[in-house]
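Every chain is named by a letter (A, B, C and D) in the order it is written, and numbering of its residues begins at 1.
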Amino acid sequence: MTEFLSDEMVLNMGPHHPSTHGVLRFILQTDGEMMRRAIPDVGFLHRGIEKIAELLPYQAFMPYTDRIDYLASICCNFGYALTVERLAQIEVPEKAEYLRVISAELTRIGSHFVGLGALLLDLGAVTPFVHALREREVYNDLMESLCGARLTHNYVRIGGVSYDEPPGFREKTRRFIDHIEYEFLDEFNELASFNTIFINRMKNVGVITAEDAIEHSLVGPNLRGSGVKHDIRKNDPYSIYNRFNFDIPVGHGKFGTMGDCYDRYWVRVEEVMESCRIIRQALELMPETGPVRTKLPRVFKPPKGEIYVRTECPRGEMGFYLISDGGKNPYRLKIRTGSFSAAAMIGEVSQGVMVADLVTIIGSFDVVAPEIDR
Amino acid sequence: MTNAAAQYFRNIKDAVRTTAKGMKITLKYWLREPAITIEYPDRLGEGRTADDIVQDRFRGFLRLDSSICIGCLQCMKTCPIDCILITTEKIGEERHLTRFDVDQSKCMYCGLCVEVCPTSAITFSKRFEGACYDIRELCISHIHQPAPVAKPKAKEKEG
Amino acid sequence: MHNLAEIIYQFLAGRFGQSALLEPVFTLAAYLIPCIVALSLVSVISGLLTYFERKVSADIQNRIGPNRVGPYGIFQFIADGVKLLMKEDIIPDAADRFLFRIAPYIVLSSTFLAVIVVPFGGPFIIADLDIGLIFIVVVSSLVVVGFLMSGWASNNKWALLGGIRSAAQMISYEIPAALSLLTVILITGTFSMQQIVMKQGPWPWDWFIFHNPFTFVAFFLFMISGLAEINRLPFDFPEAESELVSGYNTEYSGMRFGIFFLAEFANIFVSASITATVFLGGGNIGLDPYTSGIAPQLFMVLVFFAKVVPLCFVTIWVRWSLPRLRLDQMMSMCWKYFIPLSFSCLVLTALWLLAFNGNGVFWRISG
Amino acid sequence: MKISDLIALLKERLRDVIVGIEEMPNNDVMLEIKRHDLLPVLTTLKKDKELGFISFTNQLGVDYGDSFAVIYNLYSFALGNKLTVKVFLEKDNPEVDSVERLFRGANWFERETYDLLGIRFKGHGNLERLLLPSDWEGYPLRKDYVYPEEYHGMALKRKTLFEE
């Protein structure tokens, strides 16, 4: 009887809802516009990538890492290649390292553009989204000229990268990041980030304290948005990131409380600028010529052992726990992704907010459904 | 009290100012910026085809040069999703390729087969328009009648 | 009172002669003809507005927009209409079929009722009611009934939320909209739309927007609350596609959805024409709308549309520039900012009229 | 902190419970403990002022054939060190204490491990399948898992086009 008397309404948000960023489902318990709870229901995009890894040789798994986070496929390639290389102690040529860093940082820019744009789209601002995607199109062309694919790049190989830079790549990349840093972001901020309506929608919504963020295993921009200065590229440098000079942007309550949606958003905007800085330095330092790939035996068998390698992906730290039994397939590969803990966190922070705020919170975490489900 | 009143009017001012700024930008785009859309597929411009709008390294449909294929089956073995099927038969003295099918509906264009090919017999074309009415049309046979395999040169065999 | 119906009636009576038998036929024709003409005109205008909106948004976003049907894609809206007509009309099983069916017509008819008192310039007004402005305010709030109906009848929680949101929003924004219109009524002393047009002049300093500083503010207040009244971004809560899927029209398909769509764009036109009439002098070119010849009368129509089209553009432009507010922010914006401001505009205009003997800022120029 | 120092520190703090401790590649330490020690050890690791492994970065289950294992990856902001904690479980009764109360972020990780490997976590508030449908049979990441042919009448494998 109480069931009927309560004011609660159960709303089914997703899996095909416009603002759930892929196939993500939330079961909302609402009281009119106010929400009591949002229970995330994930798994619609579960493809069993970890099982596939056990069935495939080490090199053949590389294309599948593209599909972990399709918006930032190079970062996933990079993490996996790094894991295998560290386990098998493979040296990577100097030039390949630079190409990896440049492409990974370009991917970070491209991925953040989708994240920022999609958040704005969820808040009803269509034009900034299209403008962000317009710039992502330039990035897509750059990556296409580098490796031949626009979305699932599959560029990084164990022991190097698949292609050397095409002619004119440096010039085009430099022009792209100059445009992003000096022109596009200013305009984007004026159009969207500093708009009063946008700020009011974002500030003091979905506040996560630093302790909570650590407690819930948040990573990447979501963790930094809460004011924790932690970036794998700085704190546990991999590849050649220690050669570059860059800052870790953290949230500091730019307009509201520290750790609100606006901080998470703003951290991403600043990360785009930092990525531009890294790319600019890498383009300066990158050797003109040189090998880009170490030859591996056709049947590649890393030594027996276990290793956990973390890399900084656009959605936070991506960890690969690899167990090798000395065979030609991985024995077990666990992929820890940023969106996974972020999706769990959405349910926690969305208690007692409005339905419209849930959309903001989902967008501000920048979750990508395949990365949650893998 | 005065603080609150000042805040009240500052809110109005801020809202008007930032809205005006944003609208100025959109107005600028409306009046000035040209469209960047490529009118695929029928208005690509003079003499341009779909192949011209993709970059040189574009990973499109797989293409086989059967005259230099040595039938080593490396591409078939390395393919993560088994979308290549090759059979060879010994007809007379020589090995012949009797079948070289690529299931383009399954292919994920990862490029592992192209990288592994010792003679660059299998390469990417720039073709990407694969829409068809029957999925079986996407299973492309590259060999229609048995063709003798090329002799591997000694040097390439090592690599 | 002069209006189109009377002119037609007199024309018919003159042509066919007076008789008791024909009189009801004439009356019917006199009222039906302008209605049909105006309504089809408004339908075409709102169709063109959809084209306009798509083209403007495309330009803002570096796209091309509709470009395949007709020159520059101008007939895209006709193709869309035909497509919607041919679509299957799906009514959900659990829906309240009767309410579900009539809801779009209620929305559309309340929009078109408002067109009756819109002066298109010159004598072209279907009925110049004495209570014209009040009539518009009253009729436009009927839309809420349609939205609530469609939200409820769909038997879909998202649609219901959209319907409730629209009720909350439109009833709230009715107040600032009506109050800012009242500032002009203080000056004119009449509700008749034609009278309001005639009391202004052809030049900008004759318009009520520049009558005094408070009508200037009231103009913007009306513009913005008009946006809320017609559910346009940043106030498109009843639809809010990223929150409520598609709000009240989630379950609608085919031409029923098309009718909602048509009503939305007709609303833009109506809102713009009210603004143009009340604040920007409508089709006034300094001549009497009834006695001058047909050429000046048509020029009046041209002037009227020259004012309406930019206002429609502003509505569209705002939509493609701004994000959406949140429901509670929209409410607090209404009750904390719009209603106090419009009230003070009303009172201050009254004081202004008292202090300056009913004259505006530019009374010396405008005479 | 250097790896050797960390090993010494851990040996001092957790003298009685360590089954094995060794260096792992990539600057990591592998700490092996017994099943019933898991919760106290992780509590010490987290609460100890000097260690401060407050960040729960990863958790996974492994099927080693003759036994299961649960592996926890922790990170200490204070030390800047990673730590891998490993617990072996028996094949026939894979059950271990839940650390969900200790690290709130472990909630979904444990659900996922339960989902894919069938390792049960004692004391977990909501131990249900996370990724797979709730009526899915078997635990896919186990080595003896047999891939089903169909699910509710839907074929799970597409016939290859080569068979034509």
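Everything that follows uses one rule, which is that a residue touches a chain if its C-beta (ideal position, glycine included) is under 8 Å from a C-beta of that chain, and two chains touch if they have at least 3 such contacts.
Model, not experiment: these values are computed from the prediction.
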Taking each chain's centre as the average of its Cα atoms, which is closest to the average over all protein Cα atoms shown?
-> A
B-C or A-D, whichever has more C-beta pairs in contact = A-D
Chain centres computed over CA atoms; the one at greatest distance from subunit A is chain C
In whole angstrom, how far does the Cα centroid of subunit B sit from the Cα centroid of subunit C?
-> 50
List the centre-to-centre spacing of subunit A and subunit D in whole Å, with centres computed as mean CA coordinates.
-> 23
Whole-Å gap between the CA centroids of subunit A and subunit C = 46
Taking each chain's centre as the mean of its CA atoms, how far is subunit B from subunit D in angstrom?
-> 39
Interface hub residues of subunit C, defined as touching at least two other chains | 60-63, 320-322
Check each residue of subunit A and list the ones that touch at least two other chains.
-> 127, 134, 191-192, 195, 197
By the touch definition above, subunit D meets two or more other chains at residues none
Pick one for the touching-chains graph, please: line, ring, star, complete, other.
-> other
Okay, what are all the chain pairs that touch?
-> A-B, A-C, A-D, B-C, B-D
Touching subunit A in the complex, subunit D uses residues 24-28, 30, 54-58, 60, 62-63, 71, 73, 77, 80, 82, 84, 103-109, 112, 116, 129-133, 140-141
Touch list for subunit D against partner subunit B, complex = 160-162, 164
List of subunit A residues in touch with subunit D within their complex | 42-43, 46, 48, 50-51, 54, 86-87, 214-219, 228, 230, 235-236, 305-310, 317, 319, 321, 323, 331-332, 334, 336, 340-341, 343-344, 348, 373-374
Which residues of subunit C touch subunit B in the complex?
-> 56, 58-64, 67, 317-318, 320-322, 336-337
Interface residues, subunit A side, partner subunit C - complex = 9, 11, 17-19, 32-33, 120-127, 130-131, 134, 191-192, 195, 197-198, 200-201, 354-357, 359
